[in-house]
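Please read through the structure below; I'll follow up with questions.
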Amino acid sequence: MTNSATNLRLKLPMACIILEVIIIILFGTLVQYDDETDAKLWHKEIANGSSNYDNDFYYRYPSFQDVHVMIFIGFGFLMTFLQRYGFSSVGFNFLIAAFALQWATLMQGFFHGMHGGKIHVGIESMINADFCTGSVLISFGAVLGKTSPVQLLVMSVIEVTLFAVNEFIVLTVLGAKDAGGSMTIHTFGAYFGLMVARVLYRPNLDKSKHKNCSVYHSDLFAMIGTIYLWMFWPSFNSAVTAHGDDQHRTAMNTYYSLAACTLATYGLSAVVAHDGKLDMVHIQNAALAGGVAVGTAGEMMLTPFGSMIVGFLAGTISVLGFKFLSPILEQKLKIQDTCGVHNLHGMPGVLGAIVGAVTAALATKEVYGDGLVCLFFTSWESSGDVEASFQGIRQAISLAVTLGIALLGGLITGFILKLPIYGAPPDTICFEDGIYWEVSLATTPSHFVWMNGHTGLTDLYIVFV
Amino acid sequence: MTNSATNLRLKLPMACIILEVIIIILFGTLVQYDDETDAKLWHKEIANGSSNYDNDFYYRYPSFQDVHVMIFIGFGFLMTFLQRYGFSSVGFNFLIAAFALQWATLMQGFFHGMHGGKIHVGIESMINADFCTGSVLISFGAVLGKTSPVQLLVMSVIEVTLFAVNEFIVLTVLGAKDAGGSMTIHTFGAYFGLMVARVLYRPNLDKSKHKNCSVYHSDLFAMIGTIYLWMFWPSFNSAVTAHGDDQHRTAMNTYYSLAACTLATYGLSAVVAHDGKLDMVHIQNAALAGGVAVGTAGEMMLTPFGSMIVGFLAGTISVLGFKFLSPILEQKLKIQDTCGVHNLHGMPGVLGAIVGAVTAALATKEVYGDGLVCLFFTSWESSGDVEASFQGIRQAISLAVTLGIALLGGLITGFILKLPIYGAPPDTICFEDGIYWEVSLATTPSHFVWMNGHTGLTDLYIVFV
Amino acid sequence: MTNSATNLRLKLPMACIILEVIIIILFGTLVQYDDETDAKLWHKEIANGSSNYDNDFYYRYPSFQDVHVMIFIGFGFLMTFLQRYGFSSVGFNFLIAAFALQWATLMQGFFHGMHGGKIHVGIESMINADFCTGSVLISFGAVLGKTSPVQLLVMSVIEVTLFAVNEFIVLTVLGAKDAGGSMTIHTFGAYFGLMVARVLYRPNLDKSKHKNCSVYHSDLFAMIGTIYLWMFWPSFNSAVTAHGDDQHRTAMNTYYSLAACTLATYGLSAVVAHDGKLDMVHIQNAALAGGVAVGTAGEMMLTPFGSMIVGFLAGTISVLGFKFLSPILEQKLKIQDTCGVHNLHGMPGVLGAIVGAVTAALATKEVYGDGLVCLFFTSWESSGDVEASFQGIRQAISLAVTLGIALLGGLITGFILKLPIYGAPPDTICFEDGIYWEVSLATTPSHFVWMNGHTGLTDLYIVFV
């Protein structure tokens, strides 16, 4: 099960240690505590009349921890559904997230966090780094089971960098709003990953087909991931919105969107699945699409009513995507999307971008009051309602830019990852932990002795274990 | 394993989609952002001198997320102990919770949240909706494994409505205190569910008996649920108490009650279980009874000492209930209580109601100071100590009302659910995911068979399956 | 599998109930609400101009809950890696944590929380009690699988008491800083536990060797523990630091240390493990060493750069410890350290103490500003930079004291636990749930063998296991 090509004794240590050393050097050179984490600066603020409560830590740390759980438990366990890929799902998720959040701090700081030549860090940069990491993990979902950890680290280096570029263009240059990242996180991560998967197309992947499915308990582990993502999505979408009503409203809109999405998912799953039964794949994924789809408009005055409609639509298109679109993607477009990220992050992300553009275009001073300037402050200094339509256009352009950078970036990254130097698994042993992990022979479920019986009469087995 | 009667291809989609459409229409008609989630209204408050910190979001959102985890992970995984019912336990819990929290927002808003003809929503309505959902999930525990998801949705519609009626009578009309819901949530949910289980009595359930038990890893999954419920119960009981000392004290009382309850549970389990060994059923359930039993008095000046005594008692009666009362309930009263909710929520809920009545009756201005009015504000405008005994009586009446509505409501609901139109499973295939879920034949653990083999070569087994 | 010696029908109930009754009596005699949990006292503060926001609950409760999750889910599930010891890992962790947090409240209150003859309790005493509990659970890791729950309770009684003594000497007498407990929690717990394990050395433990390893799904359960510990460690280290920049900075330093540690762990694991593959033991444990190692210096101006270097070093020594030191400890020093706590808590704890001493010694008014007094207030009343070197020395002495008390305490405790009265398991059935738990014979996964048998009699299998 191991050969020299996939042996990582040199490749993985080199990748990990070189990357970490580079990061540490850059942190030593460029990164500083911000005003709220630096002892001297914060105590100056205190001397100037601030209270410790004004420290952003107390506004955002609980949300940060919820986001952190989504990144490490949510994404990690969501991908454990494969029968023999649990170590890699949780373990590579852990590795690339731990790397990506450091690299993201540098890239995001470089593009839009420099203060006097230094990157200032605090709770908000931690949340943003986790967000960027989320985008990488979405792409990971598309290539799950078919890539080595070295490939994943290389992908992370490039994707984080392009994420920061795109985020800078969308939020700073274009002045779009995207607090929960329908565009910058979900659309970007999904289409980047799908393009990578397209370039890495494996025509003989069906040789590993028997491992590309779940077992009973692996589906239960995956539900841990699903439920955590579902519960904490309100924190995700609201984590970096403005203090006060914005954070409060965003969390609530997301909560309602997800609830409606879940009902749609169960209803649609029973319609399309075999024999009127529910399909775990739908429940594990489509029920989350409601969180993705209010990632842009959630902080606006979308209303619970609007949020529920968006969530309901998102769940519907997501289930239909799994049933009808995924097979087409694989057969016609040669995109082998292991986790179906197109259905969970791709289409719902685009839906979220459109909903965001429309909601922004409809914003009025009458509905938002003084909150209008606060919410759209980057662009609406004049505060006129006429600005709303411009904001809608800004949002729409941002979607186009995001798609463009994601697809182009994924294309280039795919070709880089295709180089035969990263220890990628052969087609015959994809979706298999044993290739990169020490797995005790005596104890792995797949070594449980399988007594067939699928072939009928000959079902007598003598088994030594 | 499937027949037309249990095929849900039409029934479940119809139930989900019709219910969701009704909810969306009602939300569109009736629901509005409250002062703290509406951009215009909150910015008016800011203009009037409020700070963003005054937004209730910052007081309650961390507690809300803990409650949310209890509802979706806690209840969901607690019920995965059954060997072949993990998908349904987590999955139906997910479905009915996502439905119930929306319906509860409407029902609770209708009965005690109307402002000028509109239901105002914010963080507190989200917590209350989750609380109401908890009550439905307790009832779900009583009928676990024997009901179709359509039945569960119908049950939720009725139970949420009656929950809101009972809550209105207890808290608003009678002026009782019940922050953690010993009465409104636990007693109500348990006796409602037990009555439903009574009406749905299945004389031939022993045909599914071999599936009504746990396997090794299903018990570990269940412990995830138990531990999350245990850890976050302090947040549950304190989530809607008054700001300041009340929230702080309630969380702490609950923490001590649970700790004492856990010691009692382990001690009693070893006494009553076979051979001096511990029984997972007790640990998974009885250790939580301490949280239930301080659901009413936890916000009062119960003291850590008092909390521990209550917790110790709760753990004791809960273990004894599992050992001695549950078999009687099943054989004499024909109540097949799958999860033993009578032991975890029923008796400890009643205990909590009594403790609450006594603690309220003993309240004095000397002990509570100015906090007396704050805590019992709905009824004690005159603030006299003489009011305490009246409060005690109010609490006791509330328990009686709750029991009455729960039992009557459960009775009626049971008969409605007995109609043969919901795709309920036959007696022979209860406690079985395969009836409602696509489960890969090749991968289900219940077909694993135990092989001894501790001593080596002689361990030869011939197995017929 | 059971005999009278290990039958706990009397021993465990007696231990649980006697201990709980003692605790309840002591709580009734000694424990009072503090100013922020007492209704009367807090309302006096309100009357004197305090706001509810000033209640420490809002500064610390989210961190407390994160710590709580680490104690009950983190430690509990981390230890489920053993194939047949999941019930005990989670269940005994639950029991001794529930006991230890109560006992710790009394012991810590007695040594440094008395106010007018009473122990005052509130959110900070809850966090400190959980911290002390963490130390006991670290020791539990060293003796995992080889001890009865009665032994563990007795160990907890002694260890909690000595923890409080050591904490009093280190923090109060010596005036050292140790917010995240590199010394007081990790070093203390590890060396105490290792000494206990040394005294309880079992020369014939290899008779249970085949059970002292993981199975596929048990490693996934363990990853739940690992990831939760990893995610919430920033909350752990910052939970009792000063409000404002201190809490904020500590959380952030820990976050960066852990991220760098994770990269080092993956890199080193692939270097030292067999065949260039990753070893789950390293990932589950060494990746956490970065949190341990900034437990002292994390609240100081360590900088993200410094935190990363410390984390990187901690991950490195931890992996190397698992590979090269653990076998030596077992063979030469006769310390059978089941979970390798020496590698996760012992060495990284000592590293953290040294880093803390050096960082304190380098502190200057120029870097810390007014924060200098705030951070080192217990000892630096004069605020001079010259004090820094004294603080460094205080830190170093504290490490020595901690090691001394831990080793001596562990030695004595070991001999007490060696008495043949606690129902300890024999050498032949260590690492086995069945000795203390009711485990259905039909359901244990490691011996599962798949039997088809869907079609009945023809499915005859002969299986040697």
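Order of writing sets the labels: A, B and C. Residues in every chain begin at 1.
We adopt the following convention: contacts are C-beta pairs under 8 Å (C-beta built on N, C-alpha and C of every residue); 3 or more make two chains touch, one makes a residue touch a chain.
Only a predicted model underlies this, so the values are computations on that prediction, with no experimental measurement involved.
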| item | value |
| --- | --- |
| Same or different contact residues where subunit C meets its copy subunit B, judged by the half mark | different |
| Copies subunit A and subunit B - rotation angle from C-alpha fit, nearest 5 degrees | 120 |
| Inter-centroid spacing, subunit C versus subunit B (mean Cα positions, whole Å) | 31 |
| Residues of subunit A engaged with two or more neighbouring chains | 53, 58, 62, 217, 224, 448, 454, 465 |
| Complex contact set, residues of subunit A against subunit B | 53, 58-59, 62, 66, 83, 213-217, 219-220, 223-224, 227-228, 230-232, 234-235, 243-249, 251-252, 255-256, 258-260, 262-264, 266-268, 270-271, 273-280, 283, 287, 301, 303-305, 308-309, 312, 367-372, 374-375, 448, 454, 465 |
| Residue ranges of subunit A in contact with subunit C within the complex | 2, 7-10, 12-17, 19-20, 23-24, 27-28, 31-33, 36-44, 46-47, 52-53, 55-58, 61-62, 65, 68-69, 72-73, 76-77, 80, 86-87, 90-91, 94-95, 98-99, 101-102, 121-123, 126, 149, 217, 221, 224, 436-440, 443-445, 448-454, 457, 459-465 |
